[in-house]
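In the two complexes below, subunit A is the common chain; its partner is subunit B in one and subunit C in the other.
Coming up: the complex of A and B.
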């Protein structure tokens, strides 16, 4: 450490830094929802650039610091690659609608269940813990790859990581709460789910994770109330479904933005959807699909035990039908519905086969 | 005593809902949507239910603005609407009254799952807006659970 500089007496403070700032005289006013991110989108602070050259972690709207070194080699610096019009809104909503797996679940309502039902429930808990691990891990990787100029989208993804960690812990807690435990790892993260992490592009990742993967899991969570045997399980599924619907909303709105602002990437996005659809029922990532361990567990839970397997299987088929029909409508909402009209997607045929 | 369904009833429930901070936690919280409620009746001689009454519920932030009586055309504008025969609405609300909250198969989500044509749907078919029923499900449930504290008469 160097010695302190001895200044001459009468030295004037250099307060030049006081004149280095972004847009001044900014007075944000809160709306009826409080002071939200939407309320501070003022002037330069609200302008997310179409292309960002920010590699230094500079907060959007702050004065530049010439000569500063790169602290982030951000790969995502083009707005259309990650943007969505309602990111601020989703972020505030995510903050507002958090819940605690420790205290907001009525754990006292869980009572001993027949062995086959407990084993099936614990299999689903194991599977969902695996899947939620990926759902938290993958977006986290992209957060650090994204320029701070697009902080709204980053913040939504940060909330998603929090949500997914809660989902991981709540299913783990359920598995350990009623005399059972975790079962053999299902391999649910092999194949298509694992491949989400291999995505080279944010939209590729989002189409697989948010639209295909989480859309399917959202249906499972909603259907959870049909598989639940007590108020605790009902609450778990219902609250997880809310979070999941928010994540799906991110994907739909991002793809909608992409469809409107980057038409040259339309065909590329269709290719991502082609890939995702190939595994929509055949892979291990969808417990309502054809993977034996998880689909049989669901049939047992839905039917009310091994003896009512066929009844449960019929309900499972109804779930598949809903999954696919909701998937089609989401992709249409995102601006890529032409694939269902021009014969590119096989999902309408699969849906028709299931209905038959 | 407020009669279900009526603007007075939806307003009374909104008063209880808005006044109880516990509904803002535990998975509740800010909610922004317009939700239609359709009370269906039996169409004599036909095998289908008909729309008898329509109300539009509005949620803004932490607040429910209450419900306004509307005509069927209003269903084109809402984010989603929940439709059930009058007798099923009554059964759901009586379960809530008896237990303080919806139990077993009387939650909105369970009702949606167990009905062949679902509880929640839309005229526009935009899944993004229909998904608001799932995204805000706990808030919607809290709202109807709040009706346990409103003396209700049924028409």
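Coming up: the complex of A and C.
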């Protein structure tokens, strides 16, 4: 670092900026979890506007500069479009629970598996490598279109992109760690097939991505013990489930906020859910659904090989039941449970069919 | 509904390369170590527009996702996989890792200056977030190492946005005045390709921010500030490593790229120079370096000038390393006066 040169004469200073600031005398105090985002939501700094007119990317609560360039043509600038009440909590939790696929997975516990099981595992890994970063690419696009006035929600989405990146990488690692390799991709996330990409509204995207898509995957990860053959795979499913749970919680809490604050959008949200439910088992994005590549792979893993396919199939059906039950609970929690009581949703019927 | 039809197992035995067994090394099972056999073949062009993982068999007939960045020269850096793992290992949490208790009340002028600098740095992080995340989904899957590294970069930027806000609201102050925004706009509007965005976001703004952060670390008032600046420097150093490696790769593989970069910087320098005329950040830094308003008029401003000389030396040194030739008389006076030869 260079040494400063001592000047003989003093510089003229303007200093007019010193009196242009946001709310002053702010002294945020730490809580038992450290100095969290919730702890700095004080005074004017805690007020996320219902409608954001911030088009300069100004940090919320900072003083406006009249000559500042309008740089943010933000598509998401209405609070109800993206907000959730527990974003600060989810963000801080995400930071605390980051993990490393390189060093936190006990890779040495992986032993050679029978070829049919390894192929099934590698097929699932290929599928998960393919789908996990949909959940990275799509939120990233929305992050760049969201006003920083809603930075708490935006920061949770940044964590999600990070999490999905790690998921993409951990499943690739598993596929290449045990004498196998990547298999044939499903293509289920391509273009219009992957309808998550089509969303023109954040809540529409969130309903497909967080509630139905990631909700279904979360159930599978939570039941990962049933198809894990070593401690490494158990750790992968457990840690991924922990991350997915936050992403699903984001979707549920956002939809709840939407239900409470934008009743005029209820019917529209129901339409998104109608669409999501049509593909909940029929599409190729739910690996426990009816797409043969992934459902057969899962049945082999759950049963313990091709020879025990029927046993695996029964477990797969149990997973589907649980996926649907959990989906119903989430949608009810989000404030849209009436669809299950008034006959609009076919999910209770599908669930009854499976149970029979 | 037939719950699960009778299996056909048509998906079995379909792999381009089987029998791969990558073992963890001393740094664990890293992303870079997976690049064996066909899985390590990174093509110069990636025409598959689906999310087909590199090395998997593509399913035919799938509609395109529509990736804009499909050429290796427009995105690649050899170090991306290693930087990705390093970013994960060096994670930190502002809430619990920063020793917030070490912050003591500061003289009012100094607190105002720190808060102003934190406001600007928070806004820099906002530009990092918005710029990178607007490009991520446009990058083809064949170059997943870069996509994954950039996920760590936006994650870092989210943390920077947060930590500078926390510092501003911690010690009896508040947020200051927003930045002029002209350079921010230039970075966000770099639509000519990811390489252009990298040039403005990292080579120009990044070099400046890194120099500023080094000085701020030197003049930190307490362990909390020292920790913050030190860790943001560590994060930003990874971003710079990717950026410079990518620019070097781009220069080596794209015809006339050095001239294009020179033109971009010719334009960028002018906007950057215009922002240098704005007194706000300069005076806030001088107050911090000088220990108050009085000190700012003398040794504070002298230190700011030393900082600018250091910035220009690094900036020009990097351009030279990239073989981007820049005639001094084409550099705006506001910057040229800090060139080493100008002493």
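The rule we apply is simple: the second predicted complex is superposed on the first by the 340 of 356 C-alpha atoms of A that agree within 3 Å, B and C clash if a C-alpha of one lies under 4 Å from a C-alpha of the other, contacts with A are read in each partner's own complex, and residues count from 1 in each chain.
Just so it is clear, contacts are C-beta pairs under 8 Å (C-beta built on N, C-alpha and C of every residue); 3 or more make two chains touch, one makes a residue touch a chain.
Just so we're clear, the structure is a prediction, and the values are computed from it rather than from any experiment.
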item: Touching partner for A:158 - first (subunit B), second (subunit C), both, neither; value: second
item: Comparison of subunit B and subunit C by subunit A residues contacted; value: C
item: First, second, both or neither for A:313, with subunit B first and subunit C second; value: second
item: Contacts of A:42 with subunit B and subunit C, given as first, second, both or neither; value: second
item: First, second, both or neither for A:72, with subunit B first and subunit C second; value: second
item: Which of subunit B and subunit C A:92 touches, first, second, both or neither; value: both
item: Partner chain in contact with A:296 - subunit B first, subunit C second, else both or neither; value: second
item: Which of subunit B and subunit C A:234 touches, first, second, both or neither; value: first
item: Which superposed partner A:225 touches (first subunit B, second subunit C, both, neither); value: first
item: Touching partner for A:326 - first (subunit B), second (subunit C), both, neither; value: first
item: Subunit B and subunit C contact sites that coincide on subunit A, given as residue numbers; value: 33, 92, 96, 98, 100
item: Residues of subunit C defined as touching subunit A within the complex; value: 1, 3-5, 7-24, 27-31, 34, 36, 39, 49-53, 55-59, 61-66, 84-85, 88-89, 91, 93-96, 98, 100-101, 109, 112, 115-116, 119, 122-123, 126-127, 129-131, 133-134, 136-137, 141, 144, 147-148, 151-152, 154-155, 157-159, 161-162, 165-166, 168-182, 184-185, 188-189, 214-215, 218, 279-280, 283-284, 286, 289, 293, 296-299, 301-303, 305-307, 309-310
item: Interfacial residue positions of subunit A with respect to subunit B in the complex; value: 32-33, 89, 92-93, 96-100, 104, 218, 222-223, 225-226, 231, 234-235, 238-239, 241-242, 244-246, 248-249, 252-253, 256, 326, 329-330, 332-334
item: Partner subunit C, residues of subunit A touching it in the complex; value: 1-7, 10-15, 17-18, 20-28, 30, 33-37, 40, 42, 45, 56-59, 61-65, 67-72, 91-92, 95-96, 98, 100-103, 105, 107-108, 116, 119, 122-123, 126, 129-131, 133-134, 136-138, 140-141, 143-144, 148, 151, 154-155, 158-159, 161-162, 164-166, 168-169, 172-173, 175-187, 189-194, 197, 281, 290, 292-293, 295-297, 299, 306, 309, 313, 316-317, 320, 350, 353-354
item: Touching residues (chain side subunit B, partner subunit A) in the complex; value: 24-30, 32, 60-62, 103, 107, 109-110, 112-114, 125-128, 130-132, 134-138, 141
